[in-house]
Amino acid sequence: MNNLISHSYLILLFPLLSFVINGLFLCFKHRKAAAILSTSLSGLGAIFAIFLVVQFFISGAKPLTAWEFEFLSFSGNLIATIGCLLDSLSAMMVLTVSLIAFVVHIYSIGYMQDDLSSGRFFALLSLFVFSMLGLVIATNIFQTFIFWELVGVSSYLLIGFWYNKPSAVAASKQAFILTRFADSFFLLGIILLSYIAKSFVFSDINSLRLENFAGQMISLGIIEIPTNDALVLSTLLIFIGGWGKSAMFPLHIWLPNAMEGPTPVSSIIHSATMVVAGVYLVARLFPLFAISGNVLEIVMIVGTITMLFAAIIACTQKDIKRILAYSTLSQLGYMMLALGSARLTDGSVHTLGYTAATFHIFTHAFFKCMLFLIAGALIHQVHTNDLEAMGGLRKKMPWTYAASLIACLAIAGIPPFSGFYSKDEILITAYQAGHPIIFACALFTSFLTAFYMFRLFFLAFHGKMRSAPKHPVHESLLMTLPILLLVIPTIFAGFSFKNIFHHFFTPENITAISHNIPDVSFIPPLAICCAVLGIIFSYILYASPKANLAKALDSDNRNTFYKTIYNKFYFDEIYYTFVRQFILGGLASFARFLEEKIIGSLVNFFSTIIHKAGSLVRSAHCGYIPFYIGVMILGVLFWYFASNLPLQGA
Amino acid sequence: MTLLHCLILAFILFTIGIFGVLTNRHLIGMLISIEIMLNAANINFVAFAYFKAQDPTAGTLFSIFSIAITACEMAVALAILIAMYRKHHSLDVNTQEINHE
Amino acid sequence: MFEKVLLNLLWILPFLTVLFSIPIKENSPRLKRFHLASAGIVLLSSIYLLVRVFQNTVSNTSSQFQLLFETKFNWLNAISANYFIGIDALSSMMLVLAAIIIFTGILATWRLEKNQKIFFGFFQILAASVYGVFISFDLVLFFVFYEMEALCMYLLIAGFGSGNKDYGAKKLTLTLAIGSSMILAVFLGIYAETGTWNLLKLSDIVLPENFQFWAFPILFLGFAVSSSLFPFHFWSPAGHSAAPTAVSMFAAGVMMKMGAYGCLRIAIYLMPEGAKIWLPYLLLLIAFNVIVGPFIAMRHKDLKFITAYSSISHLGLIFLGLAAMTPIAFRGAALQMVSHGFLTGLFFATIGMIYSRTHTRDITQMSGLMKAIPFIGVGFVIAGFAGLGLPGLSGFVAEATIFVGSFENPSPLCRVITILAILSITATAIYILRCANKMLHGPLNIPKESLPQAYFEEKCIIVFYIVCLLILGIFPAPFAEFLDTSIFPIYSNLMR
Amino acid sequence: MIAIIPDILLLLFPFLMLAFKLFLTQAQTAHKNFAFAYLFILLICQNFVLIGDTQVYFSNWQIDTFGIFMREIFTLSALLALLLSENYFKHSMSEKPKLFHFSEFAASIGFATFGGVVVVSANDLLTLFLGLELATIPMYALVAWNKRDSEGTEAAIKYILMGSVATAFELFGFSYLYGFAGHLTFPEIAQALQTNQASPLIWISVLFIISGIGFKMTLFPFHLWAPDVYEGAPTPVTAILSVTSKSIAIAFLTVLVFGPLNAIHQEIVPFLALLAGITLLAGNLGALSQSKLRRFMAFSSISQAGYILIALLGNSPEGKYAIIYYLFLYTFSNYLAFFIFSTISKDQSETFISLNGLSEKSKFLAIALLIALMSLAGIPPLAGFFGKLQIFTAAAENKHYFLILFAVLNNVLALYYYIQVLKSAWIDKPAKEIALSVSTKQKTIILILTLSVLLLGFLPFLSNNLSIALL
Amino acid sequence: MILNIPFSDIVFYFVAVFMVLLSIAAVSSKNVLRSAIFLIASFLGTAILYLLLKAEFMAMAQIMLYVGGVVVFIIFAILLTSHLGENKLSTPISQKFLAVFLALTLLGVMAKFLFNTKELSESITQKSPEASSLIAYGERLLSYAPNGFVLPFEIISILLFMTLVVAITIAKKDNKEEK
């Protein structure tokens, strides 16, 4: 069995192979072949991942570096390697990513069958899977960054997959630039951290102790700060990377816009895997965060704000994929909140948040991916994203309907579906952390989640068809099968894996101190109540026979508050204004002004001066002999004084 | 009569020559001024030869040679002047055709 | 012995090619093939030499200068200048870069319709000049090769370029001439102080501190002119926008590196004291390149202007690496020289291909080209990704090394500029994506018939560069360690 | 005894020319060919004269290595000038009427060349002065050689009037020098300088002598005549003015500065440095936007004079070596340019515009022009660069770094205006097509000159031979 | 007091004033022929000065070569070219003013320089009479000694010959050429 771990390079090799073969040979002419190759390789990958992970957990889940080679050595210990770190966290992620990738591949065959460039799609999808797997098995933060960027670029390429569509192109650009903006801080953080820690390797970084740097100072240019603070700063900078990738408020705007991409892409990249990379990063560096001052509090606050903010917006949106996107944001907020609230008010750290967050990553991946696939199936049938145009699909797509009910119950947090367990853990963490307001927010968001999810559910499946579909609506096997496949983990991942997570998912180097644990037994019922309340509320508004759907869906004749929410708090506008006015109009224009008006005119000024001097010299050649001779005489006089010969005698 | 006086005299003549060259519009007038300048240089030589030099003969001989050279220069100059006169029928300094930008 | 002959042939062969191409019929296919074959031979020999040097250099961190395959004999006895050529790690890498760019440059000009003899002839002389620069270890010889390009640059740009070509050509040639003048003045000073032009001998001699103080900035800035360091960068947009594709590739890909190469190999190597005094202040100039460059690129619409400013900012990173004066940063600078050569070559090659089809370089007038010419579009995008430092392509390796290295320099200014430089990579992303999106994506606005698919030779160029970018991007470690053998002597000279 | 034979042969040359004119009136072509052959053979003879130490003939006729190489330059220049002038005697040009009296023309050039020989062989002030005059007076006449061309006459008038004023200054300078030293011979002057250094008389004489010779060498601000005269004179004369006249002037200065005045070399040097700097700047600025080729070459040669002067800042053997090396390469480059200009001057005036389309009409000429001008601009690997390099090296030995920096930066300006010419020849399209007829002979000469400019700098044999002899 | 001044000095100053005035007249006269005459007079004054400086040979040469040769040459040229001073050319007054200014500045600078040069006012060495004898000149002129003048003598003859050739070529009216 040890063989499997020693062959763990296959994790990366399958998708890479698929990418290379598809990208080089199949992508233009043989799109069918590309789809089959890609899917079968990802299937192999998923099977391998299952066996690997099972073997890993059976063998005790001891963290180990399966393989490693040197990528670039900087100096001494500072060696960037590419390797495979297997521990419970990465094993979980490998499993999740591989499974979802496989499912989404199958789904894509159906979803993309009419698209002529689907060969390219599969190539890029494989690139993404490769990068994502590379990211999760990273042994060191430099490798994380490498694959972090690669997932970013594959996300960019996939969002802009339909590059003829201007909105998709704009969205892809926005997504890339915003994450890139965050990544530049990430890189800075890595460099600062590696400068302090003299290593990139996670195990070294995670075993850093502030005491070791007591009294040392480090210069950051203008200011000089204690190394301890610099370490905290670097942690914060690294978190900013995760902030952008996980689309935390206020860098969140790219994620809803990224829904312009094909739906399989949204499901794998923008809900299940890539966007949790930020959470994964925090989890991966949890010991570092734990010692780094108030960074965890920042993580918590950012998570809470995003969670609430996104949920509020989700309640008003009509684009089915955007609702899911905001829901993703909200769930990511939950995870961040869980990680961030690991520190208790008395300063001690407990590990429940870590467990809860990783658990939620796991469960969320399945049900959210499924929801996206469902949304894709709907869109594929009705050819619109707009909920206003859907409705009454229950009859036409019974399997999809059933699956989506399960998914919605899961995300709403109704037992026994998986979402309940993980969300429950998060609520408990928030409560334990001793921040009542945050706990209240989380609870309220849980209500909102149930509300908007069922709003979506009711609007899409219940009621009457609000528009006539161009083609007859039916469920294709290739698209329904993946959805049904995902039902299994959505139902079982919660209670069956709960104990595994509690057992294996504790961060290294953290000795959990759990004293004065408050009574938390009231939380699960409370959470269920909230969720149920949300479902009822949305039923009344959108599905009950009395519901006035026209009014409920109307977005024009609403009060300012609703409109503000409907327009996502105008963050898109703020972003565009910022980019246009400040970056392009301000900084870039100033730079160009500097370049053209100042440097350019200096250059022109010099050349003018030289030309002027030239015409001055030429004007002396007037042809008038007495003038020439006069200049000669003057010249003698001139040199008499200017020649610095000692003419005046010693 | 000292060396200094002779040198000053020579230089006064030289400056008079310069003045002439600068103000005369007639080309032959300019040549005459140049003659005065060259002559002044000869005075210098002779004065130095008389008052100061260890090798007085050389200085005097130099000025004789210089007279000969002056003659040569004048001959060529006058030849050119005559050629020019044939073309322009004028010896005015201001007559000129070379185009200056 | 074979390597020695090969090394000498590197610069002689282009000249011979020009000589033997005189009787070939003008504008005939044979002429092109002849030049291509010659460039190919040079390319193969340079790769062979790289391999041989790689085999023969001892990977260690000693300060010993590992010069291989040297040829040395007396040349101009009056000023005791020698013909002294050799090769070491850095120069072998640069040689391969140059050979690739020359080879692809000839391919990129494959469809030139008239005056081929002149174009290829001058282009071969350019080639000879860069090969010479990278292998000569005698200052006079170095300068002869360094300045030789002025001979051909003007005519190549003004005769075969586009747009405001005379202006651009003059600006480029003259500004570069200012730089080389400064270099020559300092070389003469060095000779007067020491009595030798031999780089290796000179490195053992400590030049007087006062001399270093005055000479270093002149020499450094002189070299920096050709690498378009602020405020001497103004030639680059004008020159690149006017130049024909192959010359743009050459200028941005190799010529701009010659300056940085000189800064490292000569300025910093020979005048460590001056470097220590001045480089911290020169960082202020570098900051402009790195930070302001991308922002200017954002405001331009002309592809070549954008690329020119992109080159300016990337070369700023090279200088950041040099100015940081740590071995890692030096190595990063060296890597960036090679890496930027490849990516900018690809950039200009694809721009040339696009321009030859659309007859415009204004990105707002093009749209959806990816649909019509996907191969070229992909080439451009990959060049762009390499430019914005995507891992897996060489740009990332170089930039990360520079950042890690320059952060090791504890001086406040260096820290600030490193931090700003890291943050400014976002700006790079903005202009590159803006460019790609405007031009390649969106609906196609040009009739598809006027946009022929990439020709075979164009595909070759693109694939060639992508392979280079990938090799260096995925397996940087051997190259980095290889380059260290050239970097350490310089660094140890700095620390003595 | 052998060293003096070439001098005697050279002196015979003008007389033979005149004799030809008198006795063999019919054999025109043979006459010309004889002149070329004679000078060529003379050049070879001079080349074989190798002496180690300075030799003295007829009490004062001093032949040293420097002198021998200068003789070669003068003879080479005379030969090339005669070759260049051949076409101008055959038919009239668009700007200038046909030239007449080849024998007298050749004789005058012969005399002027001999004047140069006198300058480098002089051992006393008087001989030096006579040599200079012997070299200058025929030049006055040569400028006015074309009687039917009023521009030439006018230029000659300017030249001779100003030249005479310069001669007056020079004479004054000599008189003060004589007054200071009390002797005319160089060794005695040098000795006087050794024993009695601080006299202001020596400085004023240096000032006046340099002012006087500055006229001939076109140093600032005594250079004003050059563009007018260069433009007015027939092209071969312009060429010889820019090479022979300038070489003789620099030889004159070299003989003085490294000869009797060597003791005060260090004191003169700052003056020379200033003079060189300003001269080359003035020349370069003046040349910036010219449209006539000969006028342009005048400014170009003004700045070249500035460069040559820099060599005098060095020490004796290196400085002399640099001057000779530079002059050799300068002669080739300059004549190459003039030969190319002469090919277009048959049907067109010698302006930038007439060069238009040269690259279409004849790639060979266009490349030759490129090589000539880039060599003058000092771009490696062409000859001009190596000339400048030697000059700068000589100056750098005495640590004139600032001047060198200034001079090399001026090179950029020079490059600018040479590029302007190249632009006319390579880039600009002609308004109307005018056919270009170049004879095989001209082509051969241009080819030889081009190859010399290409190779003489880069290949070490010229430089090494010179350095073996001189250093 | 005044009696202490030697006779030669009185003559010197007299001749000096005379020369200066004549030279000024020569350069400022509008009529070129008159200028030439003044020039002759000035040259005669120079000859007297040479006599005072014990350079009799030089005085003789001055009269023979300059007055008899060069100036006559000039007069010939004047007679050949002008219509006996009919066309009077005048220069603008500003140019004259500038010329005076320039000339006086130069004079002032040089005078200051010469007065400041000590060795000039100090040196009153009289030369030995035999040095200025005609024989001495002749011997020096034809001497092959290191300080002999035989070589310049030869060269000046070449120079004169050359001048003849070129002057004739330039000045002669050539029928063949004119057509």
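Points to keep in mind about this one:
Each chain carries a letter (A, B, C, D and E) given by its place in the written order, and its residues are counted from 1.
Simple rule for what comes next: a residue touches a chain if its C-beta (ideal position, glycine included) is under 8 Å from a C-beta of that chain, and two chains touch if they have at least 3 such contacts.
Only a predicted model underlies this, so the values are computations on that prediction, with no experimental measurement involved.
When the partners of chain B are compared with those of chain C, the chains appearing in both lists are A, D. In terms of the stated touch criterion, the partners common to chain C and chain D are A, listed by label.
Between chain A and chain B, the least number of touch steps comes to 1. Farthest chain from chain B (centres taken as the mean of C-alpha atoms): A. The chain with its Cα centre farthest from the Cα centre of chain C is E. Every chain gets a centre from its CA atoms, and the centre nearest the mean of all protein CA atoms is that of C.
In this assembly, the C-alpha centroid of chain B lies 26 Å from the C-alpha centroid of chain D. One finds 7 Å separating the Cα centroids of chain B and chain E. For this pair, chain A with chain E, the centres built from the Cα atoms lie 100 Å apart.
Centroid to centroid, with C-alpha atoms defining each point, chain A and chain C lie 36 Å apart.
Within chain A, residues 618, 621, 623, 625-626, 629-630, 633-634, 636, 640, 647-649 each touch two or more of the remaining chains. Within chain C, no positions touching two or more other chains are listed. Residue positions of chain D touching 2 or more other chains: 126, 130, 133, 137, 141, 144, 147-148, 157, 161, 165, 183-184, 188, 200, 204, 228, 289-290. Checking each pair of chains for touch leaves A-B, A-C, A-D, A-E, B-D, B-E, C-D, D-E. Chain D makes touch with chain E in their complex at residues 11, 14, 18, 58-61, 100-101, 104, 107-108, 111, 114, 118, 123-124, 126-127, 130-131, 133-134, 137-138, 141-142, 144-145, 147-148, 183-185, 188, 199-201, 204. Considering their complex, residues 618, 621-626, 629-630, 633 of chain A touch chain B.
Partner chain A is touched in their complex by these residues of chain D: 157-158, 161-162, 165-166, 169, 198, 200, 203-204, 206-208, 210-211, 214-215, 220-222, 224-225, 227-228, 267-268, 270-271, 274-275, 282, 285-290, 413. Residues 18, 21-23, 30, 93-94, 96, 98, 100-101 of chain B are the ones touching chain A in the complex. Residues of chain A touching chain D in their complex: 610-611, 613-618, 620-621, 623, 625, 627-629, 631-632, 634-636, 638-640, 642-650.
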